[in-house]
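Naming follows writing order (A, B, C and D), and every chain is counted from residue 1.
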Amino acid sequence: MKRIAILTSGGDSPGMNSAIRSVVRYALSHGVSVTGVSHGYQGLVDKNFTELDRRDVSNIINLGGTFLKTARSEEFLKRAGREKAYKNMTESGIEGFIVIGGNGSYKGALVFNREYDFPAVGIPATIDNDIAGTQETLGFDTALNTAMDAIDKIRDTAYSMDRIFLVEVMGRESGAIAVHSALAGGAEDVIIPEIKQDMDSILEKVKQGRKSGKKSWIIVVAEGSGKTGIMVEELRKYIDDVRVTVIGHIQRGGSPSAFDRILGARMGSAAVDALLRGKRHHAVGWRNDAPVVYPLKDAVEYKRENFSQFIKLIQILT
Amino acid sequence: MKRIAILTSGGDSPGMNSAIRSVVRYALSHGVSVTGVSHGYQGLVDKNFTELDRRDVSNIINLGGTFLKTARSEEFLKRAGREKAYKNMTESGIEGFIVIGGNGSYKGALVFNREYDFPAVGIPATIDNDIAGTQETLGFDTALNTAMDAIDKIRDTAYSMDRIFLVEVMGRESGAIAVHSALAGGAEDVIIPEIKQDMDSILEKVKQGRKSGKKSWIIVVAEGSGKTGIMVEELRKYIDDVRVTVIGHIQRGGSPSAFDRILGARMGSAAVDALLRGKRHHAVGWRNDAPVVYPLKDAVEYKRENFSQFIKLIQILT
Amino acid sequence: MKRIAILTSGGDSPGMNSAIRSVVRYALSHGVSVTGVSHGYQGLVDKNFTELDRRDVSNIINLGGTFLKTARSEEFLKRAGREKAYKNMTESGIEGFIVIGGNGSYKGALVFNREYDFPAVGIPATIDNDIAGTQETLGFDTALNTAMDAIDKIRDTAYSMDRIFLVEVMGRESGAIAVHSALAGGAEDVIIPEIKQDMDSILEKVKQGRKSGKKSWIIVVAEGSGKTGIMVEELRKYIDDVRVTVIGHIQRGGSPSAFDRILGARMGSAAVDALLRGKRHHAVGWRNDAPVVYPLKDAVEYKRENFSQFIKLIQILT
Amino acid sequence: MKRIAILTSGGDSPGMNSAIRSVVRYALSHGVSVTGVSHGYQGLVDKNFTELDRRDVSNIINLGGTFLKTARSEEFLKRAGREKAYKNMTESGIEGFIVIGGNGSYKGALVFNREYDFPAVGIPATIDNDIAGTQETLGFDTALNTAMDAIDKIRDTAYSMDRIFLVEVMGRESGAIAVHSALAGGAEDVIIPEIKQDMDSILEKVKQGRKSGKKSWIIVVAEGSGKTGIMVEELRKYIDDVRVTVIGHIQRGGSPSAFDRILGARMGSAAVDALLRGKRHHAVGWRNDAPVVYPLKDAVEYKRENFSQFIKLIQILT
């Protein structure tokens, strides 16, 4: 293999730049040239290609987002778009690609690989940490720390004013950020999409707590649970001063944590190794403190974690 | 004067603890005892008093919020409540009080002072920086940095995904956080409550920018402008991917910046000095890098700053 | 078991407070009372005991250091001191203790357990991440991020002034902080105590780099390597402007990262579980993303990791 | 004036990039072209020039250091070097320059202006805040917050282990960082170069404090005082466990604070205005919350502030 392409796809997440840097420099050190693709799969369709050398990835390891940019591509979802992408890559001498992204990006890679038998390796990047087969995804640790910092700040007001706060964190299918930030932030309770929780018992605990003198209360809600609105409504029936904060998009950005940078560096080099060792439809994952390589088809499903023990611990510790 | 009281009132803001620490230790070093009042004016009504010595204010300078807690008091707004407060203070040997808070807290102090001729000195604390007569208020610098950090994080995604973001920051009557965080965060535009701005020209600039290749765009909106909803609606008429982030309550919390801690320390000692020098209805302010003391009646109005030059500069620099 | 003691021993590290909070609240929720011991083993000798209830550990999860304080105890190293400790504990109805600390603290617990057959469980806490049998120790992730932030800041000057910096990070026996912060910070090279490295080849790379136009250079040095002095001397033979920064004690402090808080919460509850299940001379560890319990005797040795792959990756990626 | 040059000189400091961005975009919006000069005055000598347009200064406002790089130039100190610089500028159509730097950089500008009657305007940038005629310099606020964060972290260990720490902060001629970070960090004492302080009384206070139960102690020392070594020696005569931390070069780097970015933006535009209004040997300063313009000759001396009130306040508040 003489040339590979690298792209970032789907939502951006902190650590992508570290992974790009690693792919580029590791490949170059193995005599493989690297083509950078802008704007994800759309860049494959549009032949938005640039040669990347070592200096092009200098001073990016500490930056959030992705300097290759990312996008969601309608065209690549269609056969005609993928045809163009294939043509563009073969014309440019590209013999395989590495895509950094989430479930949707993995599915695109898998379809493309099946149609053209074209080598593709995925690196998991999503703040939701919801990709099957890997314990960690790029960006999760940073997003978690951002959410926790927000909870820390909100606690200052919750404590000072004896207030109840609902803090909505990201996670459409996954309660990963919610349970981890609730535990780390010392929140009183957490509501996630994966399991059916008894809203009444959560409300009852707030009531009992306030009676016994515990005035401030923080409940972390994963956006995907869809429970923020109803909880506010219910709480306001007997407590005036309930506030809602939606942490929002700040969870996607920011300088990556040490863990995410290291994850990017190590999974990036592992992805290049995988391509060079002949893997053609695989994903890199992180298990037991080291990179692993496994079939893309095992990674495209959302990971459904059982967070019930976690929730129990949060409730015990508050 | 042998004993003074200290309380925090209204919304909490970073730096309050530094001011409390300064009042307590500075007063003690001048032979004056200090009574800590919990929950603001309500604590005066309820006689929620504690003796404070030097150790009680150890290790709080770096903490957000207020360890004395704060509240909004309905009772103190009424004559009967203030009567109780007066009685409680005189019974306890309190000869004057220092209140750390915003406009509402100042008004309470002024009314109380007029009714009972009781010495009261205010320290300005609000993240909105909207108190007349002082260039800075406690908490503004910290809140500004929090808002700016959020804009920095959002720019990662705005850039990576060529997106337009509306970022709503705090400020009911004041665009102070908005214009400063927009300038510091390199935002493309800003909308504030103080001045009537031409929404069409803001929209036109976004359109023109995107035509000329400038894809990502951040517009900071002060919540008090009430313009977030309509701007999103208008922008979405011709751009699909417009996102809104409401920074929210995280702006009130967090470890105070160096500036806010120093402001608290210096204004706290100046407030004690003012009481000891016989000031009876005054506020401490910050002008030209030093504390000043001036009549409370000159401080109770909202400060209306002319930010038009500021806005012009933001627009020129993007 | 009706009562247990909790203490922190050796150097402080971020996350200790989260572990204390978890031990206290988890034990209480299982009907077990908790005695807090101040100043580590010396507190056992001096009977420096306090009853801890749920409220005593409120609002500490986000604080660095240890609110129980820690110390190194000469007395506990001697038989007479341990005799007193045993007497104090049995008099107070304490039936087992949990010690949060590093290798030295573990050795103390093991000796004590052997002498008195007294149940003792350890929770690994040291920024050096050098305890055998656990992948992670409390404080390592926070210290790593602090070291990385420092490298990020230093790179601003290294880049702006085309300078070479030696950055000394903590780690007496262990290069863990050094290799991880070097990789995460994008440093050009790293020197650690575990393996014999060729100083000449490191120097040669700097020379070659500068010839080929790479002017700025950051070399991370673990303090335990003892190589900072000689490297500066060698580098200054042909480059004027070599700077040294010793990150120092800031690596021990600061608000713990999300990971360290979660680690503290989960290992704290696991330690209580271990005691209640009858473990008498064991340590809690962290493996494959979950707590494990294993004999203290397997944990008291320094962990010697083979970081040569890590170093190779750092060198390839710069 | 149709073209101006912009350069950064001397040590880098946070906020320089914001000032460069402001100079470039503000000048362009006034129809003035901008030449970027690399490596400070040496770049004038070497004709290290680049045309800067709006996009060249995108996404730099949040970065520490200076993307134009800086250097100390031996050649520019000599007549022959300045001759070259003059020739290079006139050949390139440059009619004036803006230099961002400290006292040394200002002196270079003044000499050059006198020799060639060439318009030069200075923007004060140094973390030491020691330039006469301006209340603030670019980088001081960021450096102060970095030093304070370090003190916060060190306090965790000082408190947890009842230790005494000497914390050395930057400041060769100036105690500005020292007094401000000591006050903001709640340090117990501070030693600065500007005034003769009684070391014995500082030592005596530590002794007395420890007797009365105050075990941990942080003394901030400005490097320029030269007192770190002797203080450690003296303290160790009767206290075993005295630690020293030299904060070092991290104080020069890091993402600039909101204040420094705003300062850069506003002084940058003011510097362009000054050149366009015909100022030929002037500096921009910051007084009373707004930019001012004054003769360079009034700025080249070190500012000697009287920090004795500040020190007294620090001592009262601890």
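Operating definition for what follows: a residue touches a chain if its C-beta (ideal position, glycine included) is under 8 Å from a C-beta of that chain, and two chains touch if they have at least 3 such contacts.
It should be emphasised that the depicted structure is a prediction, and the values quoted were computed from it without experimental measurement.
Asks: Using the touch definition from the top, list the chains contacting both subunit A and subunit C.
Replies: Both subunit A and subunit C are touched by no common chain, going by the contact rule given at the top.
Asks: Using Cα averages as centroids, what's the distance between subunit B and subunit C in whole Å?
Replies: 39
Asks: Report, in whole Å, the distance between the mean C-alpha point of subunit A and the mean C-alpha point of subunit B.
Replies: 35
Asks: How many angstrom between the C-alpha centroids of subunit D and subunit B?
Replies: 28
Asks: Where does subunit D touch two or more other chains at once, residue-wise?
Replies: 152, 155, 159
Asks: Line, ring, star, complete or other: which describes how these chains touch one another?
Replies: Topology of the interface graph: a ring, with each chain touching two neighbours.
Asks: What are all the touching pairs of chains?
Replies: By the stated definition, chains touch in these pairs: A-B, A-C, B-D, C-D.
Asks: Hey, which residues of subunit B end up touching subunit A in the complex?
Replies: Those in contact with subunit A are residues 8, 11-12, 14, 39, 63-66, 69-71, 146, 149-150, 152-157, 159-162, 165, 243, 245-250, 252-254.
Asks: Note which residues of subunit D are touching subunit B in the complex, please.
Replies: Per the stated touch rule, the residues are 21-22, 25-26, 29, 59, 61-62, 135, 141, 144-145, 148, 152, 155, 159, 180-181, 183-186, 255, 257-259, 261-262, 265-266, 269, 287-289, 313, 316-318.
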